[in-house]
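Once you scroll down, you'll see the structures, which are given as structure tokens.
You will see two complexes here that share chain A, one where it goes with chain B and one where it goes with chain C.
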Partner chain A sequence: MQLFLEQMLNGIAIGAIYAMITLGLALVYGILRILHVAHAAVYTVGAYVGLAVFSATHSILLSAGGAMLVCAGVGVLIERLVYFPLLKYPPYVPLIGSIACLLAIEELCRLAAGPYILSFPAQLPFPSFTVGGIVISSTLTAVYCISAGVLALLWFITTRTELGLAMRATSQDMAIASAMGINSHRIISLTFMMGSAVAAIAGILVGVYYNQVYPSMGAVPAYKTLALIVVGGLGSVPGAVLASILLGVGETLLIGYAGIPLPRDALAFIAMIAVLLWRPQGLLGSRG
Partner chain B sequence: MDEPLLSLREISMHFGGLKALDRVSFDLHEGEILGLIGPNGAGKTTCFNTVSGVYRPTSGEIRFRGKRTDGLPPHRMAALGIGRTFQIVRPFPNLTVLENVIVASGLSCYGRLIPSCRSWKGRKTREEALEILARVGLEIQAGQKAGLLPLGNLRRLELARALALKPHLLLLDESFSGLRHEEIAQQEELVRKTRESGISILLIEHNMRVAMGLCDRLVVLDHGRKLAEGKPEAIRNNPEVIRAYLGKGGSANAS
Partner chain C sequence: MSEYSITIGTLIAIQAIVACGLNVIVGYAGQISLGHAAFFGIGAYASALLTTAGGLSFWTALPVVLGITGLVGLFLGLPSLRLREDFLAITTIGINFIVVSVFQYVPFFGGALGIGGIPRIVLFGERIRGVSFLLLSAGFLAATLAICWLFTRSWSGLACFALREDETAASSMGVSPVRFKLTAFILGTAMAGLGGALYAHFMRFISATDFGFPMSVMILSMVVLGGMGTLWGPVLGALVLGILPEVFRPLTDYRMFLYAALLLMMIRFQPGGLLGENSLARQTFSRLKGGKP
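Moving on to the complex of A and B:
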């Protein structure tokens, strides 16, 4: 029982991290109808920049701030230099561009930092708890608090502010939104900045959680988050978050705890196939 | 004569070899309802799109309130005071009717990041939006998802959305098409009231009875060229217009 609960807590934490990466993808798909595969590269950059700043300053706050700034910049650059010029072509063209970006950025990280696995020996400034014999480490507490905070902030921005209304309007009909006085270019850039900054946080959390940062750390998230936005419902942010958390819990419980002999990363795709067969609009998607 | 509110000078819009607009000029004066008519494919909607900033004209000059505006993007035109509706109604289907209107009234905030983070459920924005909905008779539907409204209500929602920009000029692209008789009468009343409130109107209309009854002046386009311009009676009797446009089975409509 205790092991089950511990696994459950780990699963939710992993799911929360997935959610923070998948969010950016869901936001971008919602607004541009592009599969932003390169988002995983932004996440990798976040981990590396976070590690670099941390090594130089030993401050995890500066590290997070720096990584968020750099990633927001990288996200906007990808949007401006790659997606924007390719928007007029069929959707597979920006997708190919996106894959190219992913590979190029991964290789840049490899060139800059070497092909090794670097450790990220940060202590996150969060307390650890022991509840009924179950230890909740400070890293776990940090993942819970930070992801809950980030998700709440994003929820607030998208549903309760004028900026969020402008984002929803732009994602539903860009031409009309412009006619209503919304500078849709700016809204798109802001969306990329927000998604990318959140990916930076996810990169640092993963780096610290597993104590590993390496050039291809974005490879598995790149396709797993694609499966997740399909499972959640393309473009649905709440759906993406729900699917991410379910997957995190599912991976830990089914494969880690119950010991089903499947590769852990297969679960996302089994879920995707099941969703495509029985509920093609996704868990929380609106139309089929 | 004072300076016109909107003036088009020698506007051409070419798409490849197609001359959708060919050196079209006309003026719209403060307080006027000007109708843009012509057969299908005459260039009416293209003309709207150049005025509202969707297209940058190939050549020519557009002035709005004395300022050169051709080539400015749509959101800048909206900010300068041009509101528009669309031929095919396009509400934001997943937003409520009220939110649809608030989107347009948030204008002053979208330019900057900080004020746009204020809650848009602020009382003032909300009250203004509700007041506009009351003006077009949609206050009861305020909380509904816009995608669920019938066409007549959608046409009025489009008008409400354009009004929320507090425009000087309203562009109405076939705001009457697909409406029933009594809805047309309501919509005409609404357009007249809008003009009385000080907003000038440029409209595209296929229904000749509506266009003749509502507009102070008409501009007739045909194959991208301006064919005629004048008061409704003069247009009705213009032989060239009859030949190009009303002659093709349209004369019954015109009388």
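Moving on to the complex of A and C:
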């Protein structure tokens, strides 16, 4: 029982980190209908910049701030230079552009920092607990608190502010939104900034959680998060979060108990195909 | 020609065959597929198993291999009837990951060790290797191109073009989406199977990682770069993407970065492909002919 609870807690933490990466993807898909594979590269950049600032200053707050700033910049650059000019082409054209971006940025990280696995020896300023014999480490507490905070903040921005209203209007119909006086290009850039800054936080959390930062750390999340936004319902942010947490828990429990001989990276896709057969619009998506 | 350039040439010919197959699905029928390497792999594994464990020769195994890949293609083409564009794209990525992990984890398929000791192809009593293998692959490529050309001239090809341009209009004119989309899937995946069989007998050792998602991206990039829906586009794409890494080889560490950056530039500035509509090559060609640019 104790082992089960510990597995559960780890699974939720992994799911929460998946959710923070998937969020950016769901936001971008909702607004531009582009599969933003290069988002995983932004997340890798976040981890590297975070680690670099941390080694220079030994402050995790400065490191997070620096990584968020740089990633927001990288995200907007990808949007302005690659996606925006390709919007009028069929969806596979920006998709290939995105994959090329992912490869190029991964290679840049490898050239800049070397092909090695670097360690991220940060202590996050969160307390650890012991409840009924179960130890919740400070890293776990940090993952819970930070992801809950980020999700709540994003929920507030998208549903309770004028900016969120403009974002929702742009994702429903860009032409009409522009006609109503919304600067839709600015909204798109802001969406990329927000999604990329959250990816930077996710990158730092993964770096600290596994104590590993390496150039290809984005490769598996790049495709797994695609499956997650499909399962959640393309463009649905709550659906993406739900699917991420379910996958985090499912992966951890299946590895821990069932001993399924398939690698856990195929699991997301098997779940995805099962969900699509049952609900082609995704868990929380709407038809049409 | 050195041994090395013969190897590169043979691999380019094999990849061009696979890219032609993807072009039938994506370029002619308009169905996005990001998992084409899975069929390449299924062809390779089927041929490898039939010739090692099954004891058949390459030539008797080949029709079976084409049948198997075509059948799997038919089965996996079914989602395309239900799912559109982005959903289909991600589903095909998923199929690729699942096929690779089945090859990797089921002992029947050799597991993580792959399959080795695949016999050479024997033709007219000769073991095919080196230049003869290059010529054999080029011959198969020519046959593939001929089939593609015939397909675009056939009723099935025209029906696929109509479905690609406007599915609702085409099906209201009596063109069955089920029949012609599945025809394109079977034809395209069987070509991938042919490429896979050649690959298995050329390398004589295969493992699941050869047919992963990066390979699918590579094949799709070839088709898009060359010019989707054109006859020669996939061949040109295979040539460009096959030769580029060799050109960059002296740059060692910077090689993969330059390759990715160049791919990004090409897709950014020639999104219709090197031979597609409005491409530089097309414009120059029509200017040379004296027509309007």
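As a working rule, the second predicted complex is superposed on the first by the 285 of 288 C-alpha atoms of A that agree within 3 Å, B and C clash if a C-alpha of one lies under 4 Å from a C-alpha of the other, contacts with A are read in each partner's own complex, and residues count from 1 in each chain.
The criterion applied here is as follows: contacts are C-beta pairs under 8 Å (C-beta built on N, C-alpha and C of every residue); 3 or more make two chains touch, one makes a residue touch a chain.
Note that the coordinates shown come from a computational prediction; the quantities given were computed from them, not determined experimentally.
Visitor: Taking chain A as the common reference for superposition, should the pair chain B and chain C be classed as clashing or as fitting?
Guide: After superposition on chain A, chain B vs chain C: fit, no clash.
Visitor: One more residue to check, A:Ile182. First (chain B), second (chain C), both or neither?
Guide: first
Visitor: Tell me which touches more residues of chain A here: chain C or chain B.
Guide: Result: the larger residue contact count on chain A belongs to C.
Visitor: Using the superposition on chain A described above, determine whether A:Ile99 touches chain B (first), chain C (second), both, or neither.
Guide: second
Visitor: Does chain B (first) or chain C (second) touch A:Arg168, or do both, or does neither?
Guide: first
Visitor: Should A:Phe269 be classified as contacting the first partner (chain B), the second (chain C), both, or neither?
Guide: Once the two structures are laid over each other on A, A:Phe269 reaches chain C alone.
Visitor: One more residue to check, A:Phe4. First (chain B), second (chain C), both or neither?
Guide: Neither partner.
Visitor: Once the two structures are overlaid on A, work out the angle chain B-chain A-chain C from the Cα centres, in steps of 10 degrees.
Guide: 90
Visitor: Just chain B (first), just chain C (second), both, or neither: which does A:Arg33 touch?
Guide: second
Visitor: Which holds for A:Tyr116: it touches chain B only (first), chain C only (second), both, or neither?
Guide: neither
Visitor: Between chain B (first) and chain C (second), which does A:Phe129 come into contact with in this model arrangement: first, second, both, or neither?
Guide: neither
Visitor: Of all C-alpha distances between chain B and chain C after superposition, which is the least, in Å?
Guide: Value for chain B versus chain C, nearest C-alpha atoms: 13 Å.
Visitor: Can you name the residues of chain A that touch chain C in the complex?
Guide: Where chain A meets chain C, its residues are 29, 33, 35, 81-82, 85-86, 89, 91-93, 95-97, 99-101, 103-104, 107-108, 111, 223, 226-227, 230, 234, 261-263, 265-266, 269-270, 272-273, 276, 280.
Visitor: Once bound in the complex, which stretches of chain A touch chain B?
Guide: 157, 160-163, 165-166, 168-169, 172-173, 175-184, 186-187, 190, 286
Visitor: Which stretch or stretches of chain C touch chain A in the complex?
Guide: Its residues touching chain A are 26, 32, 34, 79, 82-83, 85-87, 89-91, 93-95, 97-98, 100-102, 104-105, 213, 217, 220-221, 224, 253-254, 256-257, 259-261, 263-264, 267-268, 271-272.
Visitor: In their shared complex, at which residues does chain B touch chain A?
Guide: These residues of chain B touch chain A: 52-54, 73-75, 78-79, 83-84, 86, 90, 92-95, 99, 102-104, 106-107, 109-111, 113, 115-121, 161, 164-165.
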